[in-house]
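So that you can tell them apart, the chains are marked A, B, C and D in the order they are listed, and the count of residues begins at 1 in each.
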Amino acid sequence: MKLFEHEAKDIFRAFGMQTPPGGVAKTPEEAKKRAAEVGKPVVVKAQVLAGKRGKAGGVKFADTPEEAAKHAEEILKMKINNLPVKAVLVEEKLDIQQEIYAGITVDRNERKYVIIGSGAGGMSIEELAEESPEKIIKHHVEPDFGLQPFEAREIAIAMGFSGKNISTLAGFFLKLWEIVKAQDVELTEINPLILTADGRFLAADARLNIDDNALYKHKKLIESLKREPMEQNEREREATQEGMAYVELDGDIACICNGAGLTMATLDAVSLYGGKASTFLDLGGGSDAERVEKGIEIAMKYGKVKAILVNIMGGITRCDEVAKGIVAAKRDGDITVPLVIRMVGTNEEEGQEILRQAGIPFLKTMEEAAQRVVSLVEEGA
Amino acid sequence: MVVLVDKDTRVIIQGITGSQGTFHSESMLMYGTKIVAGVRAGKQGEEVNGIPVYDSVKAARDAQNANASVIFVPAPFAGDAALEAIAADLNPVVVITEHVPVFDEMRIIHAAKRKDITVIGPNTPGIITPSAKQKLGIMPGHVFSGGRVGLMSRSGTLTYEIAAGMTNAGIGISTAIGLGGDPCVGLTPIEAVDLFNKDSGTDAIVLVGEIGGDAEERAAAYIKDHVKKPAVAFIAGRTAPPGKRMGHAGAIISGSSGTAAAKIEAFTDAGVPVAEKPSDIAKLLKDVL
Amino acid sequence: MKLFEHEAKDIFRAFGMQTPPGGVAKTPEEAKKRAAEVGKPVVVKAQVLAGKRGKAGGVKFADTPEEAAKHAEEILKMKINNLPVKAVLVEEKLDIQQEIYAGITVDRNERKYVIIGSGAGGMSIEELAEESPEKIIKHHVEPDFGLQPFEAREIAIAMGFSGKNISTLAGFFLKLWEIVKAQDVELTEINPLILTADGRFLAADARLNIDDNALYKHKKLIESLKREPMEQNEREREATQEGMAYVELDGDIACICNGAGLTMATLDAVSLYGGKASTFLDLGGGSDAERVEKGIEIAMKYGKVKAILVNIMGGITRCDEVAKGIVAAKRDGDITVPLVIRMVGTNEEEGQEILRQAGIPFLKTMEEAAQRVVSLVEEGA
Amino acid sequence: MVVLVDKDTRVIIQGITGSQGTFHSESMLMYGTKIVAGVRAGKQGEEVNGIPVYDSVKAARDAQNANASVIFVPAPFAGDAALEAIAADLNPVVVITEHVPVFDEMRIIHAAKRKDITVIGPNTPGIITPSAKQKLGIMPGHVFSGGRVGLMSRSGTLTYEIAAGMTNAGIGISTAIGLGGDPCVGLTPIEAVDLFNKDSGTDAIVLVGEIGGDAEERAAAYIKDHVKKPAVAFIAGRTAPPGKRMGHAGAIISGSSGTAAAKIEAFTDAGVPVAEKPSDIAKLLKDVL
């Protein structure tokens, strides 16, 4: 789960980390008030779960509360990366001595957390990696041992710091690690971390993603976030509730399959035969008839769908249950477009028999099925 | 020789009393897997599908001389179950459970590494050696036939799809390994390639990958430098739009690395032909064998 | 630092562990009130930092609040192991299915925490170890990895539990370990841990010692304990404040030395020559003149002292500073009994010169010094 | 051969800028110890007693080719300092600091064990090898003379007392080790006995113990079974009343084990004569040598 900058900073402060003075505003008036409270020049920042908001114009400086209100008004009307901006964060504009990059994420190859730091912050880590790879310091954390204070100091030293800054920056990394462990963080990035002219380290930006698989441990946090419903349409919301993976695309063929890899491969096959998918719908493993019917129902609600391709490779999922679900969907009148079915694996014969009795045709290979559904859409066009 | 699992593998099922554990242990038994015990604290003395249940892995191992484990324990407790299996020196430890927190994954993987134990998964369909009639997992056994091609995959059903295609084409499998769909898994593609490369019962290797991460790119580079056996690959997600999360935690593309194009290029560069569609794997194998 | 039973139980409950309903009382009236609140037969227990209070009569059962008040009155007048009882804990008398021993302490040989459990609780672990060593289960905890849930279950199984009790008891041990880590516990013992007739595990007693060296991390806890001044006399309190180790004994020779081992050896030497020490006073390392004088001053306040033996082996401690302290004490009239000094090591010659100039004699070996001080006391008697 | 510390030992001082570190590094230099660097984060470039200061142990080690460390860092940070020294493969690591939390002690001891590094202390006067003029600690060097008797002790000043007695009697010391006065220390009496037993430069062993714990009893049993070299012992606390804490965390008697009487009996049973008073050690040594 991705947190907004201001939510991440609430957590940072709860762990004793320093952030610039300021607060969230949902209206220009609130922004003015926040800026007045700060009492100094401020920065007004769009709160969206998307990167590069700066380049999109979502970050603006203001010398007065009035100016802050004006910027807030503009930013609150924006969409960044297709997401509407519903709030801004108004914070003191810092007196910068140095911009630093700091992050912790999962290294899939080492299968350890990796701490990433650079004395050259302010740009994205990808740009930094391209422009000055030697300036990026990486330290892998042994999962059972955690980040040790001396390791944190070594990171700070390798990042080029000296004197008192070594221990102060090390303290920052130790806090960040503490947050990662306590909150099951999958990725956190502070870019920039600001070393102020008076020698303090403040998190000027904050990205924090919590491991979805560990959310069950953090119910209180999630409640406290008082999140408005996700930026999802009704179909996406429904699929999420059902635990299905559902993505809408620009084509016209809904692919309903079991397993992410198979669903992706099905989309690829449709494309290979000249078609375009409208829908990625992974039912997951072990679906029963009801769930299959529900999946078809959700897929049919998307206006772009001109044909449905059901591609099931039965493993935990039983073909008889899938067949029952399809028959039920047909019977209930859910399916108003051409339907192509390919279904093999566990209880294949029972499933095929059910389809046969209901007069629903099916195919044996995914290539045939992909070709068929593409030609059906072309015929219909 | 076969990879990781052979006829002498004696399996325990952790979480055997749960619905998943009960269902799949029956299916494994029917396939031929030598399941010798189940584990569920507090249920010692009971039986599931005729398999005796013990309170702990150690008790099960000692009573039944077990040497491998398959874990169906729910996600919040799967990490602990795996650590218990590792502490009892079972090898391999197959973690079927999905949605295991990533920190738990890191812990079990490194606990296993310290003892030279192989963890397969989490979030894996498991491992199957058809010639030994040993299936440690949830895959439909009948789509896998015995033979001399090693198969590895980050995906579940897509693996069955490709195995079925191979079986239909008369190409048998030495061992098929579901590496697991999570960002952190116990056996990486490179490690799996290495196992197959050293296995005298394996003549060729099939790699099934998908978008996200750079594990396939790394495996391709490893093959280029270290592997003489022929290898072929399939990558799912050629048409996936960037930035969209498509089911697997792994299947998200960030930046240029991790795209299907990058992976296909890496394999091509390593002399590993990449199939356009799953059914082409069998054809490519016939070319290289 | 040793905690009282009721203080330990406050910590247990803060970590979600179950203890019998009840509360502390400092008067018979309060005890009556606590018993009435419990509303069932209770046990009234002396709150003292000493073992075997049961055998000393400090634990009594009461069926009514009135009876509880009566018992409290008696117990509050008691001294147990020479310590006055200032409070009682009034708790529900449990419906016992089984008494269990559970503890965690430091194993000096393995240099790990060791978890100790036995299904045969109720008696002291020493007795248990003698009577049924096979019933004592020990599990060492790897310091960096901590107690794992599966290990806790293995302990419960080894203790003879089965069915649901395995996980419940394992949960208890995991909590206890969490407390040990979070509070830097050096030793904790729950004896008995009660398995009630209705299948719950409750800590009926609680012993909890916090590592003195880690107290700096637990200032809030220590404040919250609102401890009355320790059961110390003025001299002991003064020595504690100065960071000196001070123990009063039954003899008449005050031994003031540097280092615990040397002080003990000095007491032993005094005893060997037929004397008896009144005072063990370890000044610690690196004392300056002021501290030496302070040590002599404290020692002189104990009425039993008939002679002082200062035995210094200079390492970090400098003999010149020691000499200055002795001279100052002499000058200020602190010393009203015979004084024997033995002083060698760092800056020995400077120190001896200072004593010589002040006309204070000194000896070169501790054996001579011990003999001399014993004979001085004998002469004086 | 000498034990743990010889003429090639190149020492860093962690916490050199503190008052203790500054004072004792000067004293060590005067004795002859090869101190090559000091460490204090943030003070790189400074000098203390002419010794260059570095920001980290690794930096100090790499710049000055150091291979051992003496730690004067305050108790709350001493555990981290020791872990840093261990991570940098310094050996031995001598932790002078007292009042180190016991959990930190356990961590550093086992971190060192995993890398076969010897930790001396915490709460130790250190280690000294007079013939090599190397003193890694705070003991007064002049009371130790070079020779062929190994000395180990849980105590500080009592060690100096006994060493001085040996020196006065003309008996020299191969190496003297302060094991440390805390319940958990890096080098146990058994391990120290074993080091001296294997050391060709040591002909006899002196053990100085005190009441509390059963480390002496264990060492006695070990000597009985494994050691042919003559050994003598002294135990402080014969007259200590039970249940009273006398200075050292270790010096508390609980139950019957840990009393002076029990320790003396164990040594006597192992054929190790026990001195009545510190000065008798020299006499006993003359009898056995």
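We adopt the following convention: a contact is a pair of C-beta atoms (placed from the backbone, for glycine too) under 8 Å apart; a residue touches a chain by one contact, two chains touch by 3 or more.
Note that the coordinates shown come from a computational prediction; the quantities given were computed from them, not determined experimentally.
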- Could you run down the chains that neighbour subunit B and subunit D together? A, C
- Item | Fewest touching-chain hops separating subunit B from subunit C | 1
- Item | Greatest separation from subunit D - chain, by CA centre | A
- Task: For the pairs A-D and C-D, output the one whose chains share more C-beta pairs in contact.
- Result: C-D
- Task: With chain centres taken as the means of their Cα atoms, state the distance from subunit A to subunit C in Å.
- Result: 55
- Per the C-alpha means, the centres of subunit A and subunit B lie apart by a whole-Å value of 27
- Two or more other chains are touched by the subunit B residues none
- Item | Residues of subunit A whose C-beta touches two or more other chains | 144
- Message: Is the chain-to-chain touch network here best called a line, a ring, a star, complete, or other?
- Response: other
- Message: Quick check: in the complex, which residue numbers of subunit A touch subunit B?
- Response: 106, 108-109, 111-113, 126, 142-144, 181, 184, 186, 211-214, 216-217, 245, 247, 249, 257-265, 267-272, 277, 280, 282, 285, 313-317, 344-346, 365-367
- Taking the complex as given, what residues does subunit D use to touch subunit A? 41-42, 44, 55-59, 77, 80-81, 83-84, 87
- Note on the structure: The residues of subunit C that touch subunit B in their complex are 148-151, 153-154, 157, 162-167, 170
- Per the touch rule above, subunit D residues touching subunit C in the complex are 24, 75-76, 99-103, 105-107, 109-111, 125, 138-140, 143, 153-161, 164, 181, 183-185, 188, 208, 210-211, 213-215, 218, 234, 236-241, 244-251, 255, 276-279
- subunit A residues touching subunit C - in the complex, by the definition given at the top: 144-145
